[in-house]
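Contents: one structure, followed by commentary.
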Amino acid sequence: MKNFFIKRVLQSIPILFGITIMTFFIMQLAPGNPMETMINPKISPEEMRRMRDSLGLNDPIYVQYITWMKEILQGNLGYTVKTGQPVGQLILERLPATFLLTGSAFVMAFVIGIPLGVYSATHRYKVQDYFLTVISFVGISIPSFFLGLGMIFIFALKLGWLPTSGMVTIGSDFTGLTLLADYLSHVIMPSTVLAMPTIAIVMRFTRSSMLEVLSQDYIRTADAKGLSKNVVYLKHALRNALIPVITIFGLSIPFLFGGAYITEYIFNWPGMGSLGIQSIVAREYPVIMALNLFTSILVMSGNLLADILYAWTDPRIRY
Amino acid sequence: DPVSKSEEGKDSEAKSGGSLTVAFNSEPGNLNPMVYATTSDTNVTHMLYDSLVMPDEELKMVGSLAESWEVSEDNKTYTFKLKEGVKWHDGKPFTADDVEFNFTALAHPDYDGGAFWRVESIVGAVEYQAGKAESVSGIEVVDETTIKFTTKDPAAPFLSGLFIGLLPKHTLDGVNPGEWAKHESNRSPVGTGPFKFTKWETGQYIELEKNADYFKGSPILDKVIVRFGDANTMLASFISKDVDITTVPVAETPSVSSLDYAELVTQNQLSVYYVGFNSKADHFGDPLVRKALAHAIDKENIVTSILGEYGAVADDVFPSSHWSHNPDLPVYEFDKDKSESLLKEAGYEKNSKGIYEKDGKPFIFTFEVPTGTKEREQSAVLLKQMWEQIGVTAEIRSLDFPTLVTKLLPKDDGGAQRAVTADDYSAYILGFGIEADPDEYRSYFGTNYQPPNGYNFVGYSNADVDVLLENQAKELDLDKRQEYIWEVGKKLAEDEIWIPLYEQNTPHVVNTRVKGFNPDFRGATFNAKEWSVE
Amino acid sequence: MTQQVIWEQETEPKSGFFNSDAWIRFKKNKLALFGAIVLSLFVLTAILAPVLAPYDPYISQTKADGTFNVHASPSAEYLLGTDSLGRDLLSRIIYGSRVSLSVAFVAVMIATVTGVILGMIAGYYGKWVDTVIMRITDIVICFPVLFLAISIATILKPSIFNVMIIIGLVSWTTMTRLVRGEVLRVRETEYIEAAKAMGQSNILIIVRHVLPNIMAPIVVQATLQTAEAILTESALSFLGVGVQQPVPSWGNMLNEATSIMVLQFKPWVWIPAGFAILITILCINFVGDGLRDALDPKTKND
Amino acid sequence: MGPLLQVEGLKKWFSINDSKLFRGEKHFVKAVDFIDFSIEKGETLSLVGESGCGKSTTGRAVLRLIEGTEGKVVLDGVNLYSLKSNELKKLRKDMQIVFQDPYASLNPRLKVRQIIEEPMTIHTNLTKKERTEKVKQIMTDVGLNIMYLDRYPHQFSGGQRQRIGIARALAVEPKLIIMDEPVSALDVSVQAQVLNLIQDLQEKYGLTYLFITHNLSVVKHISDRVAVMYLGKIVEIGNKASFFETPLHPYSQALISAIPETNRTLKRERILLKGDIPSPVDPPEGCRFNTRCPFVMDICKILEPPLTLLKEDHYAACHLYTEGIGDIGKL
Amino acid sequence: MENILEVRNLKTYFYTDGKEIPAVDGVSFEIRQGETLGIVGESGSGKSITALSLLKLIPQPPGKIIDGEIIFKGENILDYNDKQMRKLRGNQISMIFQEPMTSLNPVFTVGNQIVEVLVLHRNLSNKQARKKAIEMLELVGIPLASKRIDEYPHQLSGGMRQRVMIAMSLACDPALLIADEPTTALDVTTQAQILDLMNNLKTKFNMSTLLITHDLGVVSESADRVAVMYLGRIVEYADVDAFFENPLHPYSIGLLNSIPSMFKDVNRLDPIPGQVPHPTELKKGCRFQTRCPHAMKICVEEEPDLIPVENKSVRCWMYTNRYKELEGEEWDHYSKLKV
């Protein structure tokens, strides 16, 4: 196990490397640079040139890349071009918010998706199954920005049950439980929107995995032992059915982070997604690249975690 | 009259205190006015800092931190008398040294925050920047409350260039201005302004509290919270009363007008939206063609369909509420027949597909439309339809602003800027406005300011205009200067290198509990000191 | 030769698509059948757009006084009303189906062709080729799709064609992984070994033996990706880098509706586009699900 | 003329990737470990053994469908392991294989016609018409109705599919056919049909078979000679009569005695082996059978017995028969 | 000896694609205390479905027991509700399946899976159950049982797993053990071990067994009586000795002739021609008609009953008086089938 872990971590190094190169490549191909978003008649071209020079933007690409990598390896993610903020700090400030959002979405996806999938599978060919099937497809089919806006409209504006946006009630001085409740009331809509497609996918996946497992011989064995349906489903079948669902764990991470771009934007969530959108628009390379590196590391850790979980749930796999 | 006066007084007394949340669409990058000030930055920095001078409602410069000033006979030396007893938020006194520190720093060789132009005309600034001098010789501290600036030549825009928030010397002393961008004070600023910084929650809000010792008198509010986020989201927050003031997209104004606690307030931005042409590109070198296109545009209809009451037809490249606007200019009426006859006059013939062509080249061009402003994108679509009506095909190409810039200010393979060629672009739509001084137009229309030396990417060249532009820059007398600029406006309208389309004002929606919100071209928060809540 | 007796089946199995097992199984899935019918209608609408659309979708309709008839509510004249520029919404929905469906279709073609080729090479040849291709895939997978799409969108100027390319470029990885996995599975089967044993060339093994046998999952995946592509297009439109005005796509039409004002006061602006997207994706998913069951050899009745 | 197929010192070790990243030890499944045998033309050699003992691996390594780790396979005078891949491809005409699983061994997307035709398109220059004629002829030979020319495999029963597989193998008139458990998946009644077919074809075409199976009754019925494999080794090889009359290796004896018999008049003494077949990753020292052998001696745990000629055309690898150690008189 | 189980006219049908598949179609047999009944037949003849029907484990839909009685210890368990059935399963009647590889749940230790039954039916504490489980594992001949009990199925060989299955099914001392092809997936040497073990345990527990197999050799060595199934019907039902001495039904004879024997040298086998038709294909007449060398017109038209002949029961017209009456009227259906 330990070896497996080390091996996986080592394997991810070239991938990380590739990610940095690819990000850099994309950023280089993108026309325009941060200076150009600042075009201003009062800044003379000469001055612009000077500024570009001082930012190293006139160096050959590979020099820029190497400089950047050197800094990264020393733990310095650089500074934003326009505003000179330390990127590391910027991301660290945003990290908790994104974690809160994607984390709750993640939990929702599995906590809701798995039971529904099991229910659907055990009620195959029944009305409940068809109903859930259609619902899950609807969940996959709604564009998230639309769902988000719709939810704001209904739950925040029409019904007034939930706050429209943001992460905390500004100007409040909640502590302890009230603070938690405040967080919850803010996170519930965005995480639902973010989780929706994943809930549906987890549900579909659990359903088919469960159906597959239910047709296995060992389920027949369990039945033949005289176990009750619930024990058969929840002990014997579910444990096996969850093994393939774990792959979704890993896969859903980039999906959720990607979804966070739009969700955070709509709900004004102070996370990395909204930072990402801003940065792309502003051509803030250091931020984009650092963000990318960050998400990639998260995604890879997620996959690693999924592998470990895999091994944990499936005794046949021992690394 | 006395009644209303006493009422007003009662208002401000009784309602003193309270807190208010104002929302904007993007988060400030930093809170240092010397480092790339964007609108989102100045919305906050206006409340934190003061400048030496500032524009009044008519865009005339009046003193702010400066009590008064005198200009010498030769129009080159400005002696400022500073207000006394002004204190920084941390309690330290504000002195002439602070002023000198700020403006010297702008000329520092390593400074790259984009504000060098403000001091460029000062004697010795260029030398200092080139490293040939120890200090800027044209900046001179006379005593604690007096400072003197000397310019090389009479410079009309100089005074307006001093409209920039001043930083405390004691926090940045010894820090290389090249490193200012990275300095922590950008996120925990100290100024002299009406509000003090308290906290900044990244991605969420910035909180300010009142500076009771403010030298112009204490603000009414105890606290101002600045939030940032997508326009729709902020609007939703307004509706749910989490936000008191926010900008609304024009199209959204109907959704708040029905709310009994909402009030719409308009902010004039001193900006004009226009279509620009690459005079080097096919078709557009000929003023007849540009005029033909201008005649094909039903500006009135664009404004009513898209902007409604928040827009007005523009015929001048100078904003109509500014003194630079010449009320008497050639106007291109909406007249399709006129368009077509102008095209014919320019040598165009309609081909079998109903499109005009000349020398075998059909009049089809790419119309660059930057994304980001919905109304601008919509106008472009209407323009395309209108031009199609007269037999000219515009193919819309949407692109984001930085990308458009790479077309307007092209670079050679080595990354250095080069001159615009016919292939770089054909036509585009953009907005342009006066920030402080109409001298800004010089860089856009002066023959010598074509890329790579300026922003004259349309390649406009008119010797008369060049002279007028240079003259106005040296003319300190406002009336005379106005004459020069009116003449520029007229020439530009005659050549129609830009087709002005409309002026757009920004609607803000304000909770009725808020009093005194009165945004203008200087910024939405410019008068935050006067705001109060019920 | 001794007696060889074969149990004669009474009827020759009929050939052709409508007699294939897959179709018979597919037909039984009512949701899938419904989806297929609705989708065909949509495709038909797209093809016949110029005939069906009552107005030119690019022209702002004017009122009697010559001003543009913006945000008109549905009426006999404009069945679904007009949009913020006064263009007839029904016509735009109809033309939008062209754009949205063809964007999705071409994007998925790009993703599928890329994915299938890379996946086949990786799976069939294995060794370092596999390692290289799969590492690259891993790298691309690490990027959130939208991030990648926005980034590429800033490189390529927005145009319908580029939107197709962008969506294609960000979505081939799933296909690659799937195809590789399938190839690895098929590669181990005995009929491939038999083909090798008879001395068949690698290319022909791939073309004759591998590809046809992994078609089913490819088709299913491509179907489901079509749904995703439509969603991605609408998300890109929302972020302003999708299909650009004045060209109508369901995505950018829905994007126009992402406004509280429209949500609240002008439901006719968003309901049709929203439902067009929803129903199409729903139907594609139904069809994909149906195909999965119909083409899955496991459900093959003996 | 020598034998049609001569296998010498064939070895196939599969390396297994384990996660001992920093140890550098490689582990191998010793699936086939240094075996020799030969088959005369027109003969059927049966290879029997328990699951996992390396029968299929032997078959595949003989055809070079997987690369043997070591050894020599001489088919009709040509060492297959000295050929380049394109030369080998040409030679594949002479050797074919029939697989166990009638469902997995036919490409479900091809018609019967295409399946049987494919080897011909590779190895002959026949025209399409000639090929079709030949396909029809082969189908008749294997007992398939030529009306089924355009059907797909799934439209056939297991027995019929196995016939198609055999027809495909026959299409280029090979010299050697390796039959990898061709009847194990079939029901007894169909199995009998296919066994008859296999025999008939051998007579008709003078085919040579390497017949892999785990069913000793089938071996008895079909083969001329028998080779018994245990854990990657051949432990006994000999002609059928001698083998079934006097199986020499204790393992062979156990195998034979373990077969359930319908003949109720014969009550046999059953030799029950202990335990299971050990892992081929690290097989026992000495004789590989020593962990389960009822006659195990000390020497068996140390020294691996060589395959020795003990009777006419009958070899065994067992210390029981090593002079001075076992009792040769047992024969 | 009393009958522990009596099955009367059991019919289990499947309904797929709108077709009715009579998988088990009127099967009757009984098992006495301590006796082993072997059911043989080719693939698809309905052996497993018969077995599953006894425990009411038919997947429903698509399957359904539509008729018959299953009288276990005097009670018709078809009238039992789910709860009563669960009390029976694994306790009174237990079952072993063909595939030892897949019949054990891969994610639980073998001990866990045995303990589960004991806790359920015997109300033992976990500790007691574990002790008992180790005993059972020792009983079925697993060395180091106390260590192996904590291993997962994949860590055991096929033979071991089948032993675990046996231990699990015997844990509660069932009155009836149903073994559905318990050795088919195993190698001969392992098969011998398992059959030996089952024979020993049977005597030890005096247990009744329903042994399903397609290997006549296994039946011959392990069963007391035998039922031959063909297409959902029992075609011959007899004592083992009598059966192998003189099989009556053409299908039984054909089966025996198809098997290459270790003790008879035949040059060619004599197989049953053709293959088993799909159960939906036959509407009337004898189910074996298509492959029967003795088929006559009556075989095509009418299905014979299971009739007593000598000491056996056979479902064939040949052994009836009507056949004798009709002799000579041989029908040429069979010759039509020749290619």
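A, B, C, D and E are the chain letters, set down in written order, and residue numbers restart from 1 in every chain.
Criterion: contacts are C-beta pairs under 8 Å (C-beta built on N, C-alpha and C of every residue); 3 or more make two chains touch, one makes a residue touch a chain.
Just so it is clear, the structure is predicted and the values come from calculations on it, not from any experiment.
Chains making contact with chain C as well as with chain E: A, D. Top-ranked chain pair, ordered by C-beta pairs in contact, is A-B.
The greatest centre-to-centre distance from chain D, using averaged C-alpha positions, is reached by B. With each centre defined as the average position of its C-alpha atoms, the distance from chain A to chain C rounds to 24 Å. Rounded to a whole number, the gap between the C-alpha centres of chain B and chain D is 87 angstrom. Per-chain Cα centroids separate chain C from chain D by 48 Å.
Remark: chain A and chain D have CA centroids separated by 54 Å (rounded to whole angstrom). For chain D, the set of residues that touch two or more other chains comprises 143, 145, 157, 193, 196. In chain C, the residues that touch at least two other chains are 2, 4, 6-8, 154, 258, 260, 264.
Of all residues in chain B, those touching 2 or more other chains are 232, 236, 239, 372, 400, 402-403, listed in ascending order. Every residue of chain C that touches chain B in the complex is listed here, in rising order: 58-60, 66-68, 70, 84-86, 154, 157-159, 240-241, 244-246, 258-261, 264-265. Residues of chain A touching chain C in their complex: 14-15, 18-19, 22, 26-27, 29-32, 130, 133-134, 137-138, 140-146, 149-150, 152-153, 157, 254-255, 257-262, 265, 276-277, 280, 283, 288, 291-292, 295-296, 299-300.
Contact residues on chain E toward chain D in their complex (touch as defined above): 42-43, 143, 157-160, 187-193, 195-196, 214-218, 220-222, 240-241, 244-245, 254-266, 268-273, 275-276, 339.
On the side of chain A, the complex with chain B involves touching residues 31-34, 36-45, 47, 49-52, 54-55, 57-58, 79-80, 82-86, 90, 93-94, 97, 149, 152-153, 156-157, 160, 163-171, 265-271, 274-275, 278, 281, 283. For chain C in complex with chain A, the touching residues are 31, 135-136, 138-148, 150-152, 154-155, 227, 231, 234-235, 238-239, 251, 254-255, 257-258, 260, 263-264, 270, 274, 277-278, 281-282, 285-286, 289.
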